[in-house]
Amino acid sequence: MQPTAVPSNDGSDIALLPGQVSGVFTTARPTFGAAVDDFLNRRPVYEQPLEFPHNIHVGKEIACEVCHEGVDKGPKAGIPGLRTCMICHEAIATDRPRIQQITAMRDKGLDLAWQRVYGFSNDDHVRFNHAPHIRNKVECATCHGNVGEQTIAQRNVEHTMGFCVNCHNERKASIDCLTCHF
Amino acid sequence: MTQPSGSKINDDLLRPLFHTSWRFFLLVAVFGGIVALGLSTWMWQARNGYGITGIKWPVYWGFYITSFVFWIGISHAGTLISAILRLVNAGWRRPVTRCAEAITGFALMIGATFPIIHLGRPWLAFWLAPYPSDRLIWPNFRSPLVWDFFAINTYLTGSLLFLFLPIIPDFAVVRDKSTGLRRKIYGALAMGWRGTPKQWHRLETAMQIMAVAIIPVAVSVHTIVSFDFSMAPVPTWNTTIFGPYFVAGAIFSGIAGLLIAMALLRKFLRLEEYLLPLHFDNLGKLLLVMALLWGYFVFNERLVTYYGNEPAHMAVFWRTQSGTFAPLYWTMVTCNFVLPLILLGIRRFRTITGCVIASIGIVIGMWLERFLIIVPALGHKYLPYSFGIYRPTPPEIIIASATFGAMCLLYVLFAKTVPIISMWELKAADHLPAKHPHSTAKEQRLGDSHA
Amino acid sequence: MARWGMAADLDRCNGCGACVVACHSENNISTVGDEQASRGRAKHWIRVERYWEGDFPDVRLKFRPVMCQQCDNAPCEPVCPTYASHHTEDGLNAQVYNRCIGTRYCANACPYNARFFDFFNPSWDKPLQLQLNPDVSLREVGVMEKCTFCVQRIRGAQLQARTEDRALRDGEIQPACVQGCAAKALVFGDLEDPESHVSRLARSPRGSKLLEDVGTQPAVTYLARATQV
Amino acid sequence: MDRRSFIKLTAITGTSATLASCGNPENQFIRFLPDEDIVPGVAVWKPGVCPLCAAGCGLTVRVMDADADVMRDGQWGIVRIAAAKKLEGAAGHPISQGGLCARGQAAIQVTYHPDRITQPLKRSGDRGSGQYEAISWDAAIAEIVQRLNALETAGTQRALALLSRGRTGHRAVLTDQFLSRFGARGAVTYQLFGDDVLRRANGLSFGREQLPTPDLANTRYLLSFGADFLGTWNSPVAQAGSFGHMRQGRPGIRGAFTQVESRMSQTGANADTWVPVNPGTEGVLALGLAHVIMAASLHPASAAGRAGAALDGWAGGLANSAPAEVERITGVAAARVERLAREFAETRPAVAVVAGPPLAHSNGLFTALAVNALNALVGSVEQPGGLFFTPQVNVAASSKAGGTAAASGASIEELAKGALGGDVPQVLLVDGANPVFTTPKAWRVRAALGKIPYIVSFSSFLDETSILSDLILPDHSFLEGWSEGAPESGSLSAVLSVAPAAMRPLYQTRATGDVLLEIGRQLQRPLNLPWQTFDEMLGATFAALPSATADVDAWTDAQAKGVWTGTVPGALVTGAAAAAPAAAVAYAEPVFDGDAGQFPLHFLPYPSSAFLDGSLAHLPWLQEMPDPLTSAMWSSWVEINPVTAEKLGVADGDVVEVASGQGALRSAAVLSPGIAPNVVAMPVGQGHQSFTRYASGRGENPVELIAPVTDSATGALAWAATRVKLSRVGPPDGRLILFAGGTREHLEEHR
C-alpha cells in the first residue's frame, strides 16, 4: 500500500505525508464477483497459514476456552494468536519443526494470519454473542461440529438463520428479530 | 365509405408481417438504443447506489414511482375499454381492441419494472413474492406494495390472456400463409386452430368470460395502486377518494395513450381504411367524459382538503396551488381539463388531429398529476424542520424517458409480428346485421371531412 | 415485558447538539460529506429541531430533539412489504437491515421523517473505521436506518442483568443521546414500570406527544418548556 | 457529477484492492504480533481527559479490540490493537458529571483522523507547500538540540520563543520551566476567544484573576451579558448541567434567565427574556441596573465594596446612569431597565455573568467591571446561587518545579511586530496554537513567522501555522498518552483531571512533554528539569495532594478515577494576587474600526458551536453536525436581520459580500430574526486554507475582516469592534448546506 493522493475538498489532490494510511473503508464489496458470491452464499476457500492440529490439542483435553478465551466472556470467541500458542509452546514440543517455525515468527514480531472459518458476513447483520450460549450450556460442537476430529477447523455446520431459529425455538429463547439483528 | 372486404383485409393487415421496410429497422434501432441507454443507466444506478438519483430526505419517492403510477394508468385503456365495449357489443370497437389491449400488456410490463428500478436493493426484489423460505418469512400482507404485486400480476396475466385469445385465429391465418420456420412458430402460437364451429364457440365463450372477469381486476389494480398513497399518513395522501380518483385518472390517461397509438398506427401502417375518424370521434367523446370526471375528482379532492383546513394538509395544498409547484399544477389543469374541454367539447375541433393534440396534453398532464400527488406531499410533511424539495437528476430522467422508448419498441415489434387489427373480427362484422343508418351516415360524413 | 420509552424535557434541552454527535459515535452513522449533504443525504438519527417564534426584538427560539418515536401504532410497520420494519415485544420499532429491500415506503409513511436511507455504501477514510462500534451493524447501500433506542445497549444491559440474575434497574440503560446529554434533558426507561423516572415524567402535566393527532402513539414524551412572565 | 465526486469515485474504485482486505483482513496482509493481550469483543472502560477546550471534562473511554493498518519496518500489515471506541462524560467527574458536549463526543476523531501526522517530519519543499519527508526521532531531536546549542553558544538564548494556546496545567508549567531555564523569553500565548479581559476584571474586582464559576444550579435569577455559557464559553458541560438543574431540578422552583446580547446565541435561545442591546454598551446597562437598585435603596452602594470602587461614580449612586440615559445609549427601554433591576435585586439568589462579545470591545474591561460590581452590589459573590471561583492548585508548586517562574511573555502582536522589525526569534516552538488562522490580518503574523528561520511544531495536523514549520514533532493524541486538565471553572471545589493512556499510540508519535524533557537533557548545558518524564511530573503533583479515598494514595486514586477533587492544601493554593485598580474606570464609548457612514453594520464574529475558534474544523462529525440555530453543515454563512436584508435586497441564501476596512469575503446570507438590524454575525471556524481534507478550502474565515482594535486596558483583541458593509452578489449558489427546511413551526396558511 503506497501513499497515494487523496481528493481534497477543493478538488485538488493532497499528497499523503509519510506514514499516513491511505484508502477508504466501506461496506461495499471489493468486486462485482464478490457481491455475486455473497448473494449466492458462496464462500471463498481459505488457506490457513498453518495446519493447526485441533485433534491433537483437543485430544490432550485442552478445553476450547483455554485458547478461544473470549468465548465465555463476551461476543467473540476469538482466534488465538501466536502469543497464546507460545504460552505453552515456549516449553512444550519445542523440537517440532512447526513449533520452531512459529517461534521464529514470534521473534520477528509476526502473528499468524488465521482465516476465519465461521462467522457472518457484514450484511447478515448478526450480533452473535457467544457468552450467553455458553452459559446456557450449548455445546461448542452443536454449532461447530466435532472439532476434535479435525486438524484445520472445517465449516461443517452451516449457520443459516433456520439453524439458529430452530434451536431458539426448542430452547424457548427469543426469536424476535432484534435478538440478533441490530 | 364501406369497410374493406376479406381478402383486402388480409392483404392490408398482413402486409407489415411479410414486408419489412428500412423504416422498421430504423425504428427498432432508435427505440432499442433508447431502451439500452435506460437499462445501462439503471445498471449504473444499481451498481453505484441509489444516490445518483435526486431522491433525498424526506422526499423518498420521485420520478420512478410517478412513472410507475403513470404506466399502470396507461395500461387501463386497453383491456378495460376493450372488455367494456365487447360486453356492450359496440360494433365500432372491432378495429380498436387489439391495439388497445397491446397497450395494456406493454404498459403493465413497463410499469411493473418501476417498483424494481426504484428499489434500494433491486436484487432482493423477489422477496416481494410469497415463496416458501427456510426462514419461514413471508411478505407482509398488510403492505400495499405486496397488494400491488398481486394486483399487477393478476392484471398482467389476465390482460395477456385477453390479448392472446382473439389473436389465435389470426395466428392461424398467418400460419397458413407462411412457410418454413415462420410457419412453425405461428403454428405453435395458433395452438392448432382449425376454425371449427366448436373452436369458434369456445373462443367466444372464453372471451365473454374474460371480458367479465377482467373489468373488476382492472378497477381493483388502480385502486390498489392508489392505496400505496392513501394508506400512509402523509398530508393529502390519506384520503378515501384516491381509489376512484386513480381509476378514473388511469382510464383517462389510458384512452389518451390509445388515441395517440391509433393515430400513429394509422399513419405508419396505412390503416386509414380501418381506423376511421369514427373511432377517434367516439373515443374522443369518451375522453371528454373522462376529462369531466377527472375534473370533478380533482375539484372534490381539493375542496375536501380546503374545507378540512388541517394545517399540514393546507400547507401542501397551497404549495401546489400557489407555491413552488403552482406552475406544474396549473399546467396539469390546462392539459387535463381546459385543453380537452376545448378540443373535444367543441365538435369542430374533435378531429383526429384535435384528438391527438388533446391526448398528448392529457398524457403530459396525467404524468404531472402523479408527480404532484407524490412529491409536494412528501417534501412537506408535518414537521417544518424536515421540509425539503426534490429535483430529479439526469439518470432518473433518462430512465423515465427510456420507458417511452420501451413502449414504442414493444409496439413496433408487436405490430411487426401480429396483425394489429383483429382480422377475423373485422370479417365477422361483415356478417352482422346492417348497422344503424344514422351511424353509417355519420361515419360517412366524418370520413369525408377527413379524407 | 418492558415498554421502552423516553422523555425529553424541553425546559432542560438547550439545543447544543451533543446528542447528535453521541448518536453518530455510538451507532456507526457515516458522515456523507458536503456534496451529499447538500443533496439531502445527511443522516442524523436524532436531530435538534429549532423553530423561531415572533420577530426581532420579541423573538424566541424553540429547540426540540426528534428521534424515532418508537410508536406503538407505527405507520412505518404495516407498509413494509418484507417485515424489515416491525414491532418487537418490548415495543421497539425494529429495523432489520437484512430484510430491507429499500422501497423507502416506511420513510414516506413516517410522520416524523425519522428514517434515513443509505444512498451509497457508507464509507470511512482510514483509519476512522477503527472507531466503529462492533456492537452495531454497518449498514450498506439501499437500506433504511433509524434510531433504535440504542438497542445494543438495551440488549447488553438485559444480558448483564440476566448474568447477574437480577432485574434491570431503572436508569441502567442509557442510549447514547441520553448518556451524553449534559443538561439531563433526556430520560430513558421502562414505561410499564409506573415508578420509573420516565413513567413519572410521561405523566407530567407538561407532557405531550409529538403529532399526537396522527394517532401514532409514540413512546417519546415531550415536556413543554415552561414560560415565565 | 462534478469533478470532485468523480475523483472520489475513482479513489474508491482505485482502493478496492485494499478494500478486499477490509472484509477479510487476513486475506493478503501480514499480521503483526499485538503489543498487548486483549479479550476480543469485550469492552473495557478507561478514564480520559477531553483536550478540546480548557474546561477539562473527564471522559470515560470505551476500549475494545480492532484491527489497524500499521507500518512496521517499512512493511504494511495488520495488528490487533486495543482501540478507543467511544467517549462519554465521566459520571463521577465534578465538571462533566456524566455529560459531554458535541465537540467532546467528536474528540475521538482526532486520534483516528486520516490526515494525522504519524511521525516526525522535516520540511522538504518551500515553506507552506506542505511537502515533508520522514525523519527519525533521534535525528529530529538532535537537530533541535543543535539549533538551541547554537543560540546558547551565541549567547542569544532570548531568541528562542514558544507559542501556545495558553493552556493551564502541567504542560504550561513544563514549557515555562523549559523556557526560563534555557534563558528564553516567556511563552507567547494566544487565543482568539480568550478571556483575558474577564480574568483581569475579576482580578481587579475580586482579587481572583481567573474565570468565574456561576452557581447556576442554586440560583433563581440568571442575568447573562452575552455569555454563551451553554454553547462555547468557559465550561459548557458543567454549565449546561447546572442550568438544567436550575430550570427543572428543584421541585416548584424554576430559575428565571435573562440574556442581554445583540445576536441571539444558542444560550440566548434558552432565555425567558431576551434583551437586544447596542454592541459595546452592555456595561452601561449593568450600571443602569445598579443605579436603579441603589436609587430604590434595595442595596447600598457600599455593598459592592472593592468591585464597586473600581468604577467611576459608583459611590455617588451612578448619577449618570439613570434609565433614560441608559435607554439612549443601549437602546433598552427605560421601563425595562427598571424592571430588570428590580427582578435582579429582589429575586434571591441571583447572579449575573458576562463574557463573549460584550468584552470584545475597546471598553471590554469596563463592561466586565460593571457586571462584577452589579454582582457584588446584590451580594452574589461567593454565595450559594452566586458567583464562585474554583480553587486552583498551584501546579508549579505541587509538581515541585522549583527554579524561577518564567516572566509572562509578549503578546502575539508584539512578537509579530518584533519579528518584522528586526527582533527576530531564531527558533520558534509552536504548541497547539494556530495564530495564522486566528489573528487579524493587520498583525501580519504569517509574514512575521516567515522571517523566523527555524520553526518547530508539535502539532498533529498541518494547519495554517504548522505548515510553516521546518520540523514537526507530532504529539500523541490525548488517548495515547498522559492527558491532564486543570479546570479553571465549572466546579465549586478544586479539580485536577488526569488520565493515563487509554490506548497505545497508533503511530510514531511522542508526548510533547517527554520530548521537551529529552531536549532539555541533551542540550550542551542540560536544563536539569526536575523530572525525567511527564508522568513523573504529574505524579509529583498528585503525591502532594490529599487522597479522596482512604486506603489509596491520591496518585493511584486519580489515575483510576481520572480526576482528583478536594481541598487544596494551603501551600499549594494559587494566590489571590491581583490588586484593586489604581484608578476607577469610567465608561468610554466603544471604538469601532470603520466609518459608520461607509460601513454601517457592526460585525460580530462568534465562536461556532462546532468548531470554537476553528481548531476543530477538521473533525467530520462536527462538520456534519447541523448548527443549532441555522442547521448549516459543512459551510459558513452570514446572519442578517430580515429587515436589513430587505433594505439591501438580500434574500435568504443569497451570496453576499461583507467588507470591512481590512478586507472582504463572500458568503451565503441567512436571514435570522434573532439578530439586531445593525449587526451582521458570522461563525468563526471555517475558511481554512490548510487543515486536513475535511476543512481545507471550505467556507470563509471572518477573522480576515477583523480590525486590529484592542481593549484599551488589557491589550486583548476587541474582535467585535469592526464595522462592515454588506451587499448582495448573486442568488444562492449551493455554498450553504442546510439540514433543515422550515424555520417556523406553525405553518402559514398562505404563502
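Per-chain residue numbering starts at 1, and chain names A, B, C and D are given in the order in which the chains are listed.
Simple rule for what comes next: a residue touches a chain if its C-beta (ideal position, glycine included) is under 8 Å from a C-beta of that chain, and two chains touch if they have at least 3 such contacts.
Since this is a predicted model, take the numbers as computed values, not measurements.
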Distance-to-centre winner among chains (Cα means, whole assembly as reference): C
Give the chain pair, either A-D or C-D, that is connected by more C-beta contacts. C-D
Farthest chain relative to chain C (centres taken as mean CA coordinates): B
How many angstrom lie between the CA centroids of chain A and chain B, rounded to a whole number? 54
Compute the distance, rounded to whole Å, between the mean C-alpha positions of chain A and chain C. 32
Centroid of chain A to centroid of chain D, CA atoms only: how many Å? 44
Which positions in chain D are in touch with at least two other chains? 4, 8, 12, 22, 41, 69, 114, 631, 693, 698, 740, 742-745
Spell out, as numbers or ranges, the residues of chain B touching 2 or more other chains. 48, 384-386, 388
Multi-chain contacts in chain C: which residues touch at least two other chains? 34, 42, 47, 49-51, 83, 86, 99, 121, 123, 125-129, 134, 141
Could you pull out which chain C residues touch chain D in their complex? 9, 11-12, 14-18, 20-22, 24-26, 31-35, 37-38, 42, 44, 47-57, 59-63, 123, 125-134, 176, 179-185, 223, 226-228
In the complex with chain A, residue positions of chain D that touch it: 3-4, 7-8, 11-12, 14-20, 22-24, 26-27, 29-34, 37, 39-42, 69, 71-72, 76, 78-80, 114-119, 121, 130-134, 462, 507-508, 693-698
What does chain D use to touch chain B in their complex? 1, 9, 631, 740-751
Along chain B, where are the residues that touch chain C in the complex? 48-51, 54-61, 115, 118-122, 124-125, 127-128, 137, 139-140, 142-146, 149, 228, 231-234, 378, 381-386, 388
Once bound in the complex, which stretches of chain C touch chain B? 36, 39-43, 47, 49-51, 66, 75, 78-83, 86, 99-105, 107-109, 111-113, 116-121, 141-144, 210-211, 214-216
